[in-house]
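In the part that follows, the structures are each spelled out as structure tokens.
Shared between the two complexes below is subunit A, which has subunit B as its partner in the first and subunit C in the second.
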Partner chain A sequence: MDIIAILEDILAATIRGATPLLLAALGEVVAQRAGVINIGIEGMMLIGALFGMVGSFYTAGLPFLAPWVGLFVAGLSGLLTAALFAFFAIRLRGDQVVIGTAITLLALGFTEVVYVRLFGKTGSPQSVPYFKQFDMPFLSQIPLFGDALFTHNIIVFIAFLFVPCVYFFLYHTQLGLRVRACGEHPKAISTVGSNVSLLRTMCLLFAGAMAGIGGGYLSLADVPIFTPGMTAGRGFIALAIVIFGKWHPVKAFGAALLFGLGFALENRFQAFGWDVQYQWFLMLPFVLCLAVLAGFVGKAEAPLALGKPYDPSE
Partner chain B sequence: MFNFSALFRKTISISLSVRKIILPFFLWILAPVLILTSAFITNGIIIFLFGYNPIEAYAAAIGITFGSVSAISETLVKSTPFLMTGLSVAIAFRCGMWNIGAEGQFLIGVLAATWFGTKIAILFPNTSWIAVPLCLSFAILAGGIWGIIPAILKVTRGVNEVISTIMLNYIAIHFVSLMIDGGPLQETSKTGPQSDPIAEWVFLPRLFEAHRIHLGTGLAVILAIVLTFVLFRTTFGYQLRAVGEGAAAAEAAGISISQNTLRVFFISGALAGLGGAIEIMALVPHRLTENFSPDYGYTAIAVALLAKLHPLMTVATALLFGALAKGSFAMEAEVGISRQVTLMMQAIILLFVIGASAVNFFRKYNRQQKL
Partner chain C sequence: METENILELQKLTKAFGDLVAVDNVDFELQAGEIHAILGENGAGKSTLMNLIYGLHQPSDGNIRIFGESKIFKSPRDAITSGIGMVHQHFMLIENLTVAENIALTVAKFSSKDGKTASIESDTESPPEENGIPSKLSTFRYKKNDAIRLTEALSQKFGLAVDPSVLVRTLSVGLKQRVEILKALAVDARILILDEPTAVLSPQEVTGFFKILRALQADNRSIIFISHKMKEVLEISDRITVLRHGKKVYHGKTGELSAPGLAREMLGEELSEVERKENKATTDLVLNVSGLTVPGSRNENAVLDVSIQTYRGEIVGIAGVDGNGQRELAEAIMGLRPITSGAVEILGRQPSGTKNIRKCGVGYIPEDRRTMGIITSFSIADNLMLNIAHFEHLAKRGVISQKAKNRAATQLINTYDIRPSSANIPAFALSGGNQQKIVLAREISPQPELLIAVNPTRGLDINAAQYVHQNLFAQRDQKKSVLLISTELDEVLQMSDRLYVMSRGKLIEATAHRDNIEALGLLMTGETDPDV
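Presenting the complex of A and B:
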């Protein structure tokens, strides 16, 4: 392979690897901006991945519609999981780290039990319609990297579109301002008449839906497959992306690409057939994550009220 | 004539003693029981919705966990890793450190014990009096060092320990796989992803010849007692708790937060690492395999929180989770529910513990832990 082909290959893989991370991280940016730290993304992604495939499987009679149904079901299941989180974190004001861990454990067990019940112990069903790659007309004809940038499945483009949307929402709408105020000084925003609990719940539901869609991407895009525990830490990496991206959607986009590269290299290096044990590459995204957090975070810029339950009666 | 006023006074005094003595006692015993019962019922409903028979499943689980002396011994054996990792989590959380990394620390402990047991112990054969304590110390050190990494990152770079410990868990899992699948610790025949069995003189002895319950279980219980003493009766323990209750206030009182962070993470990691070593040294096949830990480190969080982060109570909750883990095998074998149902069950218990802290009735029970 010549060098251009390798670069194109890695670039395309980076974008594919970054997409689920980006989707989950964008939701998490909004939730954390509202002051809720949602460690349960991993679980929400896993549930999204399972139900995305289930949704598509049961509507397989309509091959054009089925992946979309799957994606919708994935988002919905993520949203419902987030509702459970919201009940414990916002209504009952429990500790968010513990609830998040519980949600992830719950999802690990729940998805496997459901999966075994529906499909038996062996293998995914074969006939699940999924999102296939297609060439963006004209754009993919651009020489050099056009193909790598614009030949993907549709969710990739949707995910990228979400970046400016979330940015616009957070920084250029009144509701976005209120959301950010919720994370910085909930009492102040409550005094001027906003309902902090409601706003935070909404942001959490959004984060859950995005994590669910991110999970759905894993089981519905390019290859339709679900295996128990298939998210393999991507939810936690999305969490790190939010921190590395300094709670900003555009910077988080950059961070997601970096970690997408981590996952891409993991696959590519394995494919190169070097005489190195493959586990080194599996470790890569996580080591990268630690290094990035240790090297770049430094000054804390987290929303002030992040992780602190808000009691309206106080 | 019947003396109404005396009866009235008597009723008042009874109700007072109810409030002062019986009700607190009732809360201590009943609150966890109520939490567990509701969790079991909820889980039962979910099992039912999946189309299994929950009563049949629970009956199978109880039979295999407490049905006979050897069943009880087996349950104790199963509980040991939950106790060790539970203690690890409890002490870290007491200090306000969200160490989610017991999983990785446990695995690194196993890895150290495997390395010692397969490579180093060979150098001095048939010397269990020296090999066993050395192997345990080795695992303690390895777990402690793995545990102190997030503390160093937190103290020097301000990295959130929740994320760094989770990342270190994944790194540890892949590192173990690296060592036993193609790495230097793979079995000599190179057939499967597992290590050689450790040397025979590094095995932990059984407590009774007929049952599998071993020295490690006893060690874990002793550690729970020691930790209780350290936590509540020593200056060090007081400092740990002070940092956990309020870091700023503790610092104002002259307690070094960074020093306590480093210490507690080392101890926490060491406990988990020791737990790992005990597993491989006490139980057949004495080999490090892939998936050696079925999420002990994550379950430990539920174990510790249900015990209100109290080391002695952790013994009881670890027993419960050991029984759950063991029972899930019976549920899979006899009713066909996936074994992973335990993870779900643990999560539901955890959620009920959190939920209970918000309900007035349980306020007293939950006063210590601000969940």
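Presenting the complex of A and C:
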């Protein structure tokens, strides 16, 4: 294997690894900008992963349509989980960290129970129709890295498209301006007549749907199976990406690529067959996560009202 | 002279449970009038305004605006009816620019002419006059439109402010200007100003009053809420006084003198605490030399400050909020790291708050609710927070409940804390009584040096007097007091020697005691008030 081939391989793997992180992180950027810290993102991804696979499984008769149904169901299941979060966190003004943790723990158990109920304890996981790689016409023919950059499944491109969309929404629409204001000083926008609870709920639902789709990517692309606990902390890494990306969609994109590289290297290093226990490589993305958050971020300026329930009577 | 009433309140009442905050109040506002509402803290001024602004709904009574009877369900309804409010605590988003803050308000209300504000309805360019957008698109946020709109507004009303800077970089006076612009941006005919001068220096107040006069000339009406008699007498056309939720006085400005108004506010004649002539000793207590302290953004919040206090004197530091007073106090107390300089207390240089307190230092922090007391703790537990009390009551670190309650009850009686039960949580107490907890805790160990930061902020006149008496008592016992306050009157009344703090620097100003103008100049950063 020559060096170019290795780099191409790592680049392609980085992009694939970054995609689910990016999807979840973009949703989380919007939620946190509105002032809600959604720690349940890991659980929402896991639920999305399960239901994405389930959706595709039950429509497998239409192999072209099935993955799309799966992706839709994944997003919907994430959205519904977020609705549960919203009920406790916004309606009842509970503590967002506690609720988010509860949702993640709930999802861990719930997905396993549902999976075993539906498919039994089979030795090998169920395989379902999934998103196949395709070559972007022309672009993938670009010499050197064209193939690595433009030969992917469709969700990768959709995820990348979301970056400018979220950016445009936050910085170039009135609603986005209100979302940003909501995370800084909710009382201020309520005195000019905006509905803080509604705004936050909408952002949270978006975050849930994005996390669900991110989870759906895991079970509907690349390796189209569901295994319990398969998100393996990706939701928490998405949280780190939001902070590392300073609550900005474009910077979060960069951060997602960095952590995608972590996952890519984890796999490549294992494949090199070095005489090192593989657990060391598994740790890689998470060590990266710690190092980045501890050392290189500088003082992150979170939205001022982040995580604080809004009580209009105060 | 018969002018039409644009706002009328008829027998307005608002009860929160058993507490009647606003009791059967009648009030009227004419076009182009500045109407002051005077009252102590808790007199119901803010509740009354919240009723007008739609933040609360009245339990009984009627609000008539432009001759129509209306109930506002939310501020949104009030704003559409032409009411704007500048809150005491600004409703600005610090991390957004001025233009963005303005746009937030304008976009919400730019579709007044019958069309509902739906997100899809307005994607084409808004109508423009001379290149200035008269409203903003409800979908797109266009930075340049917002900036031009803000510029146009500030030109129209003569309120200069840079639209593209972040609000958090503005001075308090400018922030207030943005708040007023925000209200004018949606064409408010009635402006409610809640304690607007509390945060301004004397010079800024003058400028602010000019703005109010201009708005008045534009036939807008202003409700001016304040507890500062002097300002009310200067700016208003009519005065309404509230006491315990009831309207007790109403009349043209000038009909009643300041003492008369004070009597209406308090319901009794007031005995001013007089500053007695006082001889300070030459025993040095606090000696700060060349102190520089970093602020929260790594700027120099306190810059090369030197100050001495002696036994038997009160040294006052005046200044507008946010000029380094808090950082100075915290640095002396060892709560904040210092860049350079030294703090000496009674000839020693203790390090760490615990050791500083052991030298005999008491500290009344500026915000009793976040720094002075723990609101969910009982009165007794709050009283015991001081290290000096712990040591007496604890055996090997275990506090005897009996001894604690005995000590607490004694302090509660001495300092007249009400309700006088040791186990009531502190949040159930009024501001004045909360402050008494802090006073009892900090003064009862007989500190050699007492540092008091804004000790009467938010207190009514009686509670404030109680605090002042205690500070004087400290002085008379030949202790040393450092009083840091944003209330110029308080500093003037209390202190034997006087400093002004501005942009981190400290300037001796005892000589200018009787010259408010000079003090004002010092407070706004002039170093030589005689220019």
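Note that the second predicted complex is superposed on the first by the 308 of 314 C-alpha atoms of A that agree within 3 Å, B and C clash if a C-alpha of one lies under 4 Å from a C-alpha of the other, contacts with A are read in each partner's own complex, and residues count from 1 in each chain.
Keep in mind that, in the parts below, a residue touches a chain if its C-beta (ideal position, glycine included) is under 8 Å from a C-beta of that chain, and two chains touch if they have at least 3 such contacts.
Treat the numbers as computed from the prediction; the structure is a model and nothing was measured.
Engineer: For A:Leu239, select first, second, both or neither according to whether it touches subunit B, subunit C, the two together, or no partner.
Structural biologist: After superposition on chain A, A:Leu239 lies in contact with subunit B alone.
Engineer: Scan A:Pro228 for contacts with subunit B and subunit C and give back first, second, both or neither.
Structural biologist: first
Engineer: Figure out whether A:Gly193 sits in contact with subunit B (first) or subunit C (second), or with both, or with neither.
Structural biologist: A:Gly193: touches subunit C, not subunit B.
Engineer: In the overlay, answer first, second, both or neither for which of subunit B and subunit C A:Gln279 touches.
Structural biologist: Touch status of A:Gln279: first partner only.
Engineer: Decide which partner touches more residues of subunit A, taking subunit B and subunit C as the two options.
Structural biologist: Partner touching more subunit A residues in the overlay: B.
Engineer: Scan A:Leu175 for contacts with subunit B and subunit C and give back first, second, both or neither.
Structural biologist: second
Engineer: Using the touch rule from the top, collect the residues of subunit B that touch subunit A in their complex.
Structural biologist: Subunit B reaches subunit A through residues 50-51, 98, 100, 153, 157-160, 162-164, 166-168, 170-171, 174-175, 177-178, 181-183, 295, 298-299, 301-302, 305, 337-338, 340-348, 350-351, 354-355, 357-358, 370-371.
Engineer: Can you tell me which positions in subunit A touch subunit B when the two form their complex?
Structural biologist: These residues of subunit A touch subunit B: 39, 84, 88, 91-95, 97-99, 101-106, 108-110, 112-117, 228, 232-233, 236, 239-240, 243, 277, 279-280, 282-283, 286-287, 289-290, 293-295, 297-300.
Engineer: Provide the residue numbers of subunit A that touch subunit C in the complex, in ascending order.
Structural biologist: It is residues 171-178, 180-181, 184-185, 187-194, 301, 303-304 of subunit A that touch subunit C.
Engineer: Looking at the complex, which residues from subunit C come into contact with subunit A?
Structural biologist: These residues of subunit C touch subunit A: 53, 55, 74-76, 79, 85, 87, 90-96, 100, 103-105, 107-109, 119, 136-142, 182.
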